[in-house]
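Quick one: the structure is below, questions incoming.
Naming follows writing order (A, B, C and D), and every chain is counted from residue 1.
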Amino acid sequence: MSLARDMITLVAVSAGAFFFLAGTIGLLRFPDTLTRLHALTKADNLGLGLVVLGLLPQAASVRDALKLISVWLLALLAGATVSQLIARAAREARTTR
Amino acid sequence: MNIASTFELMLAAVVLGLGIWTIAVHETYSAAVGFVAYGLLVALIWVRLDAVDVALTEAAISGGLGGVLLLGAAARLRHAELMVAEVPDRLTRVSAAVLSVMTAAALVGAVLWLPDSAPTLAPEVVANAWATSLTNPVTNVLMAFRAMDTMLEKVVLLLAIIGVWSLAPDTAWGGRPGPRHRADPNGVLVFLARLLPPAGIAIAVYILWTGANHPGGAFQGGAILAAMWLLAVMAGLTDTPAVGRRWLRLILVAGPALFLVVGLGGLWFGTAFLAYPTAQAKPLIVVIEVAMIQTIAATLGLLLTGAPERSAKP
Amino acid sequence: MSGVNVFGLYAAAAVGLGLYGMITSPQPLRKIIAFNLLGSGVFLLFGVVGRRGAAAGIGNDPVPQALVITGVVVAFSATALAVALLLRLSEKASSTTLSSGPAGRAGSDPPGH
Amino acid sequence: MLSTAATLDATASTGGFMLVLSVVVPVSGVLLAFILGDRYVRLIACAIVLLGLAISAAILVALLHSNGPIVYLLGDWPPPLGIALRADGLAAVMLATTAVVICAVAAFAAADFSATGTGRRASSTFWILLLAIWGALNTIFLAGDLFTLYVALELLTFAAVPLVSLDGHTETLRAAIRYLLFALLGSVLYLLGATLLYGLHGTLDIVLLSHRVGAQPAVLVAAALMTTGLLAKTALFPLHLWLPPAHAGAPTAASAILSGLVVKGSFFIIVRLWFNVMPGVPGFAATQLLAGLGGAAIVLGSVVALRQERLKLLIAYSTLAQIGYLFLMFPLAFGPSGQLESSGALGGGLLQAISHATAKAAMFMAAGCIYATLGQDRIPGLRGVGRILPIGVLAFAFSGLALMGLPPGGAFLAKELLLQAAAENGQWWWALVLQAGGVFTAAYVVLVLAHAVGTSDGATTPHSATSRIRELAALALALCSLLLGLAPWDAFLPIPQASAADKLGLDAVWKMLLLLVGGAVVAILLGRWDLPLTHPWRCKALRAVVGPIRRAGLSSSALLENCDDLLREWPVSCICLVSLAAAFGVLMRVAY
């Protein structure tokens, strides 16, 4: 049982870390704001989601698990909003130029 | 070398790199961005140092609100800062570098020379925790053993507000700070500003409440409340209040004033200034903290919005 | 306690870095950022000192923790005041330079009252 | 560990609650004034000022009747866990001085900062910050914990900086930013030192530390960092970049507070650090360096003061010189062995600080009256002001004489004590500096007075009338400073009894005359402005002799002024700061 949990954690967290890595590389290498944003949101949403998913089996109590999930939801909300704001600012900057 | 210490080494290296970048980068705005990231990573160091209370404060106040403050200033000063062309000459930079390295080296030496049996007050804090019946040792130190510092620091916050307000033009004295923000009412920012504050307020209250026994407290909660309020202001959902308003000023002094009143109560009825009667210690501290979280939230928020710019009268 | 010493070394480095920034940055805002870096170094050093004093089931001496929390808030207020002064200066003057050249010797402005 | 602290601090707390009140009363004044708003601010401030004065007097009386310092444990928690407030003789006299100066400044400012019209912003801010400065200073004098002192220092800075920029001019804003940033740098260094001390000894309580501190390397690093940080806040040469513009640019009442009181806050912590926390640890060489900087401050501050065009800047540079004077007591008190040898020198140094606090505040207030009357304060334009503003000029003269050390002033007694200590432990060179400092002070006082009482070519017309209360407040404070030597200091400071009275006499008058003549000569040789006295000198022979010397003097003083300009550059100042810290560290190390 414990082994299965640890396996889930290992796989999910590694996958999450991979998405973070990919997102970071994208952020550094992509040419313009919108594509960079694309890379960033992948890291934020999927990467963090997978990390949280991986940590859930390790949570000591239901309360801790709920906290983990709400962290992910809040990050999702903030990430979505901010990336849209950045995208809009980038578009406006392009049209005014 | 185990995984934990490898991680700590990497963390220190990354933070150091980020720090160097923040100091060395050409543009001021980039430096401000660098500082935000730096603040968040420093919070991680605090977690590794097993000081979660400090980590929360560092993330919320230094990295979060401090970062917003610096970013805002960098944006507003973009043009003014560019005009400064007084880069110090080579001699200055070299001697500054030498002296800074020397200082750091002396500090390293001093840290390495610290005695092996480190002195600590932790046992005494634990042994005297009965006086407040709170189990978070940091809250005990802040609210009971060193309550004077905490009270004075609230006055420091108030003075910072007075100092910032004193920079207003005479015509705007008592008026509203910062520009009136307007955002697309159907836009995503307004959406977030409507959706997030209820959750934020709940989290802030939770952090305040849990601060009695777990990491957390009025500072950390207050910083979150301030962030929620700033979000609403930036989305144009609410305007900054005129600083001459009586209710606003009452909120701004509520924390230190209640602290003083309770302290004087201890002087008058009890054993000493800022001494709590053991039976009522916990409720008294909770009441003070409830007042303090409002004061802290209002103060932090208003420190970010700056000096009054618009006259109170429309 | 190797990890603690790593952070102790970093704290000392941050102090040096912040000092260097405060001395050499031409822009006042950069000086403020450097001051915050310097401050974080000092606080971390305090944290390392507290970590060494872990005892009685607490991982970090709570007294330094409390002092650092107070210090962080004080440093934030200082930053806010400095930024407000700077913004006001930039409204009043074209340049935010802190040096007053030989022509405009400091204080040649008529004083109040 | 707790038990030692308990025995130390159990020594009676009768009247200890007054220590709490002396901090709490100004702070609650700040809160109350802030809530009630612009209309009642002045009223509250005046009520608090009177109350605070009474409390300070009560503490003085209580200390007379207690044997040993008054101690109060906040929250009943003994150090090292809790914080103690302690009032010894030094703290009590500083409390009283602060109360008196604040009282006089409040009387002066009552006419200035009224709550009407567009001045509401400046007025409200001024009164609240005045109370805040008072609360901060009282905390500094009483707090027995290094971190509480840090918070109080920051409180002081946060109250002082907005006062500098109160009028909102570009230059004063600039001065305020420089002041704030440099002061922050200083307090960070102080905190760094405090961190190391906690890491070594597990407490920040002054008394406990004094029992535990030895000459470990980390203590020396801490001492060097803390001292340098505090020096930056005290604006000792060469760390004075912020002082002249800040003190000269602030409104008059604020200048009086900044120059008279605020710099004394960090100075007092240095005294606590060197005499109470780690007595004898810094060693002989470090005291010599400290006093050497003081001597340099006297020369540079005085010479540059003689070259100023504006009266307020002249007084600000005079403050720079007088701050240097305060640091001469360190080698004299500690002596060649590095241990505390002459407590008379400590008493003299403190007395000098008190005397400067009163005299300099009075001088700024007198200058403020002159400025308000003439509408400007250029020194060549002062001619004839003695006619239209006799009391104001008299106040200036008295405060100047008090600074120079006219008996029975506090500065006179202080100088005698320091000279005595110098003779006792054979450091004659500091006696020379002490005397030179007196002559330099005389020089710029004579320079100003000669212009003020000189006849003007045309009729001087007052620009606007100044209120009589303001002149009288300045005069009262100046008189207070002149009579300080008669106070019964031996009850509070380590000063031998009745050392003032027996030094009064023909001898003292003779010394004073010598000082004035010396001052006049220096003013003629180094002053940028011709003394009006030189006009009647038609004697060509004399001119032929004086002329070349004066030219040489002027060019060398111009050189010093350029040097001052360079030192007040931001990077140069910061480099000086860090190098000083290094120098202190090395010198303290050398001592062992």
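The working rule: a residue touches a chain if its C-beta (ideal position, glycine included) is under 8 Å from a C-beta of that chain, and two chains touch if they have at least 3 such contacts.
Note that the coordinates shown come from a computational prediction; the quantities given were computed from them, not determined experimentally.
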Centre-most chain, if every chain is reduced to its averaged C-alpha atoms: C
Length of the line joining the C-alpha centres of subunit C and subunit D, rounded to whole Å: 26
Cα-centroid distance, subunit A relative to subunit C, in whole angstrom: 32
Of all residues in subunit B, the ones touching two or more other chains: 88, 92, 96, 99-100, 103, 107, 111, 114, 118-121, 125, 145-146, 149, 153, 156, 159-160, 163, 167
Subunit D, residues touching no fewer than two other chains: 81, 122, 147, 151, 154, 158, 161-162, 165-166, 168, 173, 192, 196, 198-199, 202, 571, 574-575, 578
Residue numbers of subunit A (touch at least two other chains): none
Which pairs of chains touch, using the document's own definition: A-B, B-C, B-D, C-D
Parts of subunit D lying in touch with subunit B, wherever the complex brings them together: 2, 17, 20, 24, 27-28, 30-31, 34-35, 37-38, 72-77, 80-83, 118-122, 125, 128-129, 132, 135, 139, 147-148, 151-152, 154-155, 158-159, 161-162, 165-166, 168, 173, 192, 196, 198-203, 216-218, 221-222, 571-572, 574-575, 578-579, 581-582, 585
In the complex with subunit A, residue positions of subunit B that touch it: 188-189, 191-192, 195-196, 199
Contact set on subunit C toward subunit B in their complex: 2-21, 23-30, 32-34, 36-37, 40, 43-45, 47-63, 65-70, 72-81, 83-88, 90, 94-97, 99
Residues of subunit A that touch subunit B when the two form their complex: 70, 74, 77-78, 80-81, 84-85
Of all residues in subunit D, those that touch subunit C in their complex: 81, 112, 122, 147, 150-151, 154, 157-158, 161-162, 165-178, 180-181, 184-185, 188, 191-192, 195-196, 198-199, 202, 244-245, 248-253, 310, 312-313, 316, 368, 371-372, 376-377, 565, 568-571, 574-575, 578
